[in-house]
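Accompanying notes for the structure given below.
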Amino acid sequence: MVSLDDLTPPERSFASDNSAGVHPKILEAMSRANVGHQPAYGYDPCTARADAAFSELFGRDVHVFYVWNGTGANVLSLASLLGPAQAVICTSAAHIDVDETGAPERILGVKLIDVDTDGAKLKPEHIEAQTYALGNEHHAQPGVVSITQSTELGTLYSVEEIATLSETAHRNGMTMHLDGARIANATVALGGTTDVLRSFTVDAGIDVVSFGGTKNGMMYGEAVVFLDRDLAKHAIYLRKQITQLPSKMRFISAQFEAMLADDLWLDNAAHSNAMAVLLHERTASIPGLTPGSAPKVNALFPSLTRSAIVALQRWCPFYDWDMATDTVRWMTSWDTTEADIARFGDGVENVLESHTEIS
Amino acid sequence: MVSLDDLTPPERSFASDNSAGVHPKILEAMSRANVGHQPAYGYDPCTARADAAFSELFGRDVHVFYVWNGTGANVLSLASLLGPAQAVICTSAAHIDVDETGAPERILGVKLIDVDTDGAKLKPEHIEAQTYALGNEHHAQPGVVSITQSTELGTLYSVEEIATLSETAHRNGMTMHLDGARIANATVALGGTTDVLRSFTVDAGIDVVSFGGTKNGMMYGEAVVFLDRDLAKHAIYLRKQITQLPSKMRFISAQFEAMLADDLWLDNAAHSNAMAVLLHERTASIPGLTPGSAPKVNALFPSLTRSAIVALQRWCPFYDWDMATDTVRWMTSWDTTEADIARFGDGVENVLESHTEIS
Amino acid sequence: MVSLDDLTPPERSFASDNSAGVHPKILEAMSRANVGHQPAYGYDPCTARADAAFSELFGRDVHVFYVWNGTGANVLSLASLLGPAQAVICTSAAHIDVDETGAPERILGVKLIDVDTDGAKLKPEHIEAQTYALGNEHHAQPGVVSITQSTELGTLYSVEEIATLSETAHRNGMTMHLDGARIANATVALGGTTDVLRSFTVDAGIDVVSFGGTKNGMMYGEAVVFLDRDLAKHAIYLRKQITQLPSKMRFISAQFEAMLADDLWLDNAAHSNAMAVLLHERTASIPGLTPGSAPKVNALFPSLTRSAIVALQRWCPFYDWDMATDTVRWMTSWDTTEADIARFGDGVENVLESHTEIS
Amino acid sequence: MVSLDDLTPPERSFASDNSAGVHPKILEAMSRANVGHQPAYGYDPCTARADAAFSELFGRDVHVFYVWNGTGANVLSLASLLGPAQAVICTSAAHIDVDETGAPERILGVKLIDVDTDGAKLKPEHIEAQTYALGNEHHAQPGVVSITQSTELGTLYSVEEIATLSETAHRNGMTMHLDGARIANATVALGGTTDVLRSFTVDAGIDVVSFGGTKNGMMYGEAVVFLDRDLAKHAIYLRKQITQLPSKMRFISAQFEAMLADDLWLDNAAHSNAMAVLLHERTASIPGLTPGSAPKVNALFPSLTRSAIVALQRWCPFYDWDMATDTVRWMTSWDTTEADIARFGDGVENVLESHTEIS
């Protein structure tokens, strides 16, 4: 019988969209930006063009602050929105809550009110349930609602769901932050047009977006987009204060300029999402594997036996998701190929044949 | 008479080494790193190679943490060194004190004890003067001494001066941080060899270095180098917590790998320093200009009349340094050319001829 | 029929042990301390005597820091225990989590990992469940376990339960904090002797205790007791830094000296606990009232109809506990009298007769 | 010859007004407040009366927040005034800068821009000199000016000086905080009437006052008085969040009620100030002593030989002020008597006769 070691692993792993490199068009744009001297800190023409592209994207005069990474984007967003003694409502699966090593708490001194939810999706009643604290001096005052689209579990809010959350938040004097580390994948999943993007952000009452770039084929860089410019008035100082001001800014803005030109941001995400569907289709019915839901964006959450997981991970890296249920995460990216999926599918099939355990 | 507008301005300004682009070898290294998937967050072979290069550079097994920018490097350094209720002693010209929008205070909750000094250089007596607070519960406890080499004013500490500062700090239970945003320029100014670097860091008792890259021809990225590995044990968590963990790490480490290979870091700084000397020589004796000291690194601080400054800045950008004395800063970089200096010199000469004011 | 307005309300409400005044012996001790000048900040003989009394109480050489209030005691405890990038594990009913307006997050920059539990009691598996984060740079590192005895819901940990929690925490490199805002009531409930106190603190592996005074008949003042003196080495600075250093310290230590002399702290709590039992017995079988569990300490949580609650609160103040279930909190204190209970019982009976609603 | 040991030391030391006890009228007021149950956290009638007394004192509807101590009062004041990324301008002798163990930095994450001054008095040009930073993202934004009246060096601002500072601050978009730990002594020194108090606070453009109680004969407690009520809207939450909310509030407000009734606050300070003048007169011409300026409030700063200082401190405690110049601080308080001064004067005379050193 053929063993896993006899099979050639995929050229690209399914570990993370952070393991992928940089899209060629992005890298070319960075090279093109490397000409002569430019004013530092964003006062260069390339940054002005990227700003204009974002305003065109959202269909209004937005205020954009480019930052280094996703944690920085989220911390800057929250720093700009939070008032004195206020707290953030989020889910207990939120990246800001569990995957940022307590950055919001340390840098902002803020309490995160993290709510257990189904599928990492906040509901209006979760917001309502926290309003008891408003006006009570013994409790941090809920001031910001932060949601993630697509969520940390690969699920999606509908346009209506976000609109209702925003309405609930605003009615209670709170503002809305959207962590869009994978906003491109979400946009594609909901229809894949600029109108779709606007429908679940600007039109749905979102105030500030962490607009992801790195996971979608950029080298580094995220954009904090203030849909409501009035909320941005301290962000210029806060960005520097939280260590998120890039000096040679043109190399971030050049990436975003390239991303937003010719819908590269959507193309990359569309490819990544499609590859996830393909991987799901290739593996869902392999005996011994319990597939998760059909992927909406670029992550699958199947379950396998522990020994199969271990063997596969040695062969082609990916992450455990829930050790208790032997659920793993397989993540595609902008550069995943059909050949990668074919090879990986063969590997899964091979390993499950040989590792079928008798319980 | 020929007016300034008739002269062609330099291709590169004298505003900042942050206005310069990326050295071609660095950009090539980044392109080379852009192959396939790599583990994120620094668990890739390129980062391992850069780590090894740093250990070779310092002649000991150092622990390196790559971060986004200089403010991040300084905040991570201090975060790692500071104990409960401790304060940092620095000069009142220190970048951490005046040019980071209060990042150390906000993120670390730390008091900076900033001392007025000559030439932005701390002296042992400044440290001794703060020891009165040790053991007194009403005062933040001086715990870290932070110096900058080369300093914010373009001056240099001698090896002996740093060694004495370190001895004073350590004798009083404090640790030593060196902000080396321009450590390459300082190394060149003191002799330009690896031994020189070691002499004023490892051998002089420095505990942690913020090792600059961006200002010396990189696109982004700085390295926090723990010369004493024992002090690094929490840095892995602190880096993420202060928003300074790059996901696609290979693109920073590839830059540093290229920098340290074939002494590119020294070559870039040597060029930049030499250009500053050239600019000083070209302009020092122009009537109407009061030159600053001959430059040790890559910045000049001459004085001119206000109207000459304004005219020149419109023609070729640079920064005011002290409005009260009409002192400006002219900064060279790794890519400044002799032609740039020739043109700029002509411009200065022209403008001072026409703007000589009668007082 | 007699209406509630015809009945004389109790002289003392059942709102909170914070509504009670100061025990006469405490007030006398404060007056006695008011003689001449004494060194400020705790360097006075009275504070030395209170320190000695605490060491005698716990049967070892403890290190005590007197502070203003319970939030301050908890923040100082956690500040002393937390290392860099560490988090606190607590229940989602913990006072530090929900009743301190985010003080730990703001002052300490710390993440509270709050766990949903039965009866506000943490279990070893809750600690074990968080150990996945240890060593992972993307997560705040669980470093301190904080429990409350008696809990915010009036429940109690057994000695064995605390010992097992401590063993679990220590085995995973964490320390143990006990919020003892009502530690006297807990001690009484578990047997009422010094040995009992030691059994669930020193002997059960607790490292630091917030030892409550205010709710048990003092005017103000709590004590942070380091059972492990090694953990106290920064507390002297941290106390001042978090605004919790009383200048005229003798007036707090005099209160504690009086509290610990002749077991006043146990007598006060015993009385308060006994009054809660009496109130439970008087009201549990009144038609229309759903009693909570028999009280272990000094709080009852019965349910009544909304209209009955409103009428009663207007007549004699107490707090809503859970509006969804019309559960209220009746709290006794060191000065509650049998006459207060008799009157209150009559009032409850009266109001439930007249407010029985037809559903 | 008679030695110092043969002389009876004063009954009260000259160490600090924090070493003094509590004025009998204050203690009586606290006892009177100890009747029955009262709503906690300031919702009691006594606190309402104290609030009204403060509004009457300042001649307008002020908003008062009672807190535990001076550091807490200052931190709450600044917390209420500071906007995002803002800094505080103060002198380098300010209590907030050097005597609070970095509490503002830790709790507020704020930069203190501390200016060297003559006599601990800020001047308008110190404020103007910081305006260069306004609008520059690389610098913390000066947002609050904090002055101390009477200052940490026992000096006084005139009404005009404060008005000019306020005008300068407000013109530049900053707010004014006055640390009035010894505001009563200052009021007395400037004329001793309510009108005088108003002249250098409300009428001079001060926005928020830390109104001291403890050093003027109270047991504990300070009041943060918002002269501009609009600035107080978050203070109710911030007070709890920074650990400064007293539960049994009536015992602070009862003290302030007694203080403001019948001008006790002015009488205590007038006595204390007068005793300082008497001590100055008794000692200024003793051979071997270099007197400081005649005291304006309740502190003297004379210089003596080191051996005389040591001998005197052993006999009757007081603090060194500047070891380099052998300057000490002698502080009087509300309870200093003429007999205390007579005895202390004799001691100084005796010790200087026997300790006159030959240089």
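Structure notes:
Labels A, B, C and D are assigned to the chains in the order they are written; within every chain, residues are numbered from 1.
Criterion: contacts are C-beta pairs under 8 Å (C-beta built on N, C-alpha and C of every residue); 3 or more make two chains touch, one makes a residue touch a chain.
Computed from a predicted structure; not experimentally measured.
The chains that touch both chain C and chain D are A, B.
Distances between chain centres, each the mean of the C-alpha atoms, put D farthest from chain A. Looking across A-B, B-D or A-D, the pair that copies the C-D interface, with over half of its contact pairs the same by residue number, is A-B.
Centre-to-centre separation of chain B and chain C, using mean CA positions: 52 Å. Chain A and chain B have CA centres that are 34 Å apart. Chain A and chain C have Cα centroids lying 42 Å from one another. With touch defined as above, residues shared between interfaces to two or more other chains in chain A number as follows: 41, 85, 100-102, 106-107, 109, 137-138, 140, 237, 240-241, 245. Chain contact topology: the protein chains form a complete graph, every chain touching every other one. Note for the complex: chain C touches chain B at residues 41, 79-80, 83-85, 109, 137-138, 140-141, 234, 236-241, 245. Residue ranges of chain A in contact with chain C, taken from their complex: 85, 87, 98-102, 105-107, 109-112, 114, 116, 132, 137-140, 323. Of all the residues in chain B, the ones that touch chain A in their complex are 11-13, 15-16, 18-22, 27, 30-31, 33-41, 68-72, 75, 100-103, 106-107, 214-215, 219-220, 237, 240-248, 251, 317, 333, 335.
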